[in-house]
């Protein structure tokens, strides 16, 4: 298996040159565009890895399914569903050109920025500091890594430059989807996006989703099975930005990417996969990362279709 | 099993009153809104059914995956993918308010009218009569029913009133995505939508998709396995119109609905399901049909997530 | 005055190289991109001209205000206003990405293709041949030119390639704004766009609009004064495609351009201006033509603001 | 003349019941929906009035042409034009569903909120307090009223609830059209909208625009003639929100309305008109105010078309 991973990484390495680093958060441009790593947590309890699997990067949008999980754990499916829809938007993750009609119906989902920002308000906690701490705790447990922390430089960089997210948040506030102070909600969101992880962390989180709520090895249940199905279904239809349809066809498993270069893939009942390669395509997905998953899916028959 | 089906149908029957018949094709308003039937073809080779499973209705949009299959069989994945994208549009099935940018990129897929009309041009055949005959033959084989035919009244009704589809087709022609005569392409499309089926037919077609190309019972291979994955993945992300996200969360299997009241569901490796109940919700999906699938999914653990 | 015209033409001649010929109607690419001519009909009864003022070209969108006039003469303001709105669309003349909401409200106007096609249906006449003949008669009278005729080559070229207009017309039909046969309506529209004119014709038509319905010299009343105000107001806000705001600021008079290279300008109570220069900017307006009008407006204080 | 005004007011008074008070700024709901007043400043130096012409209300969007004037006086036409376009948007004044393409091209103008907010950044002044004071000074001079001041309650109400404007401003910031602190820019904008005026003030401001920069009576020049034409042209195409086309057809003069119930109309070379009637139609224009102008235009032949 490790041999297969090495082989696939070697085959996909040239793809890093087809992408480029995210540049809308200045701090992200400091990554090494040649990095490529993978880690797989399987149902046999073993963790396999290859390449730059130990390198750290910020979780970015991959925190969106964790935000959703926390909101589900705090409120149940019905309340979360009432607040934020589940349909694909047909737009980029930071799309703002919604008609009022679309905004007030269900065409915002937790995997686009607007939906994820709205989800932040549903986490329990008296303050947004407390809400964030609860999210961070959940992330640590899912990643089986008590040492996770926020990359302060990225957090401050996002906070300083995140004006598109401010626009989206004030739009949510205009339509009553946020009641709290926008800057506080966004502070929680920016911190959440800046949690630093590596491929093993993502593999563990992905595995727990694949395992419907039970951690790898210990088998401890973190969340009810139906929350896992809810999140996985949304990852399938909307997890890879407006490239989710292509990914479904080519790889065929629920997954979530982030502009930090990470991809977390969920192979139901079988494995969690964490990938890191920060050179992105135009939609914000890791170019080489997708290629690795495509080849892995073919070799190991991962597609659920 | 039959008992379970009877029970679920009884429980879901009241939902027919929440929907209404499609009225944009005059002929469709003649259906009985109280009809509700189901048929399941399983990998054990047995066919189970309940309710109005034997009633006939027009296939409508459920022909879209078959059009796609025929195009894949005639051209391979690469050519088909180049012509028509795979991303969700975030719009209704007959949405026309595409920017030129969206049209020329990949935001048209084979499960919305525009994409399906474009797919018609990719079927082999010297004439559109011939193309349609090949499609009908494939449909008969997949349905294991050599007696399928076109409902002439519905076909003529669609042809007479299908001006939105004409607008969509001329838009395709404007941007070079159709080269042939629009009325001929549409004639093929309208005939395809007017093929008359019942629940057993849909169950058999769904089963062959679930079985990656092999017919029920005989096991005869109709199409290569990868075409099945391609179609199933698109059904997952776009098969239930702009209610696909909700369906993924609530039922969790690839499926396709039609405004004739049919739903074809594909449970990979396990079963094909055909449902008929012509009272539709606002998005064009059978209200009671979705409820039946939701309950069935919970009872039989059908979700792939 | 003729001297001034010559001087302005010489100064503006270099601008022809910044534009290019319309290419979406194949026949239009046969024009000479260096042509530049002007003709002014003033309230003193004199006609002045310079440059290629005698060259013929197709009227294209400049027929839209004449279509509107004919519809007003046949139905009155109230009926016409009920059918087609008067607000700027914020889109190109052949924009199709209207939401259903916009279509059914008032955001279609007679100076964009969709509105002009709808207007064709309001002209009196048992057949569309008859409707067109009435339009042609009105155009001849307004132009004080009984010899106007259709450029058959352009007409056939438009009819063959006008698929965007077909899409727009079928969209109108979908929403009940056209009841007649689409191809017949379009035939009238394509013929109307293909009427061949020169700068003098446009100057006379423009003068009659400036003169609130009375022909130059004879003073014969062709239409009631209020129809002139209605048309001129719409020309002001929507006559120069999505460059109407810029034109209002820079020139300041009602005007209509066509992709054949013509511009007809209306200086209320003072003059009608016809310009020809077929090299167009990105919005479909004659580049040098606009420059000529800008300089003329400054020299002769034409702006009504 | 005063008699005519009284008669028209009496005839239009019933229309107040067709509108309703603006409710998105809580403080505005305190107005009396039955108020109706008018004031006309003519080139003969006389001021006529009728009805509730002395009542005070907040200027709201009618400050937009003054913001534009101040920006023109501080930067010239070329710089202002480069920053903000002049085309109608085809959307409501607070529309946010712009594509990135539209934002970066010219489809934002100074009469919609986004454009007006961008214009605030172009006023000279070291601080936004200073910028606002300069705007207030200009407004006082144009209104010939040194006592104008901000309605603090409305200002605070706007500041507290103006989240749509915050969204628009952060969107401008995202695309580099604002560099300064958004809250400071908005503070200037909210104060500007909250300047309290009456019908005489609007009549005087309108007259100075009609008079191309010279004050009534004294004839003192406040701004160059060409700035007047620039502003009047934009008022013509975009001054009455997405009802500007209708207003051009029915009234035929440049005008600007505000959700406070005011309308300022500019009859070039002849008069400035101020109207107050706070019951608004769906687009945000004073219902009775538009009727008054319509009748006045017919009686006095005000239309410039």
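Lettered A, B, C and D in written order, each chain numbered from 1.
Here is the rule we use: a contact is a pair of C-beta atoms (placed from the backbone, for glycine too) under 8 Å apart; a residue touches a chain by one contact, two chains touch by 3 or more.
This is a predicted model, so every value here is computed, not measured.
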Option reproducing the contacts of A-B, where over half of them reappear, out of B-C, A-D or C-D:
C-D
Is the contact between copies chain B and chain C built from the same residues on both sides or from different ones, judged by whether over half of the numbers are shared?
same
Among the chains, which is located farthest from chain D on the basis of C-alpha centroids?
B
The distance between the C-alpha centres of chain C and chain D, rounded to whole Å, is 32
Measure off the straight-line distance from the CA centroid of chain A to the CA centroid of chain D, and report it in whole Å.
46
Distance between chain centroids, defined by C-alpha means - chain A, chain C (Å):
54
Note the residues in chain A that touch 2 or more other chains, in rising order.
99
Okay, in this complex, where on chain C does chain B touch?
96-100, 163-164, 166-171, 173-174, 182
Could you pull out which chain A residues touch chain B in their complex?
81, 85-91, 102, 106-107, 109, 228-230, 232-234, 236-238, 242-246, 248-249, 252, 254, 268, 303-305
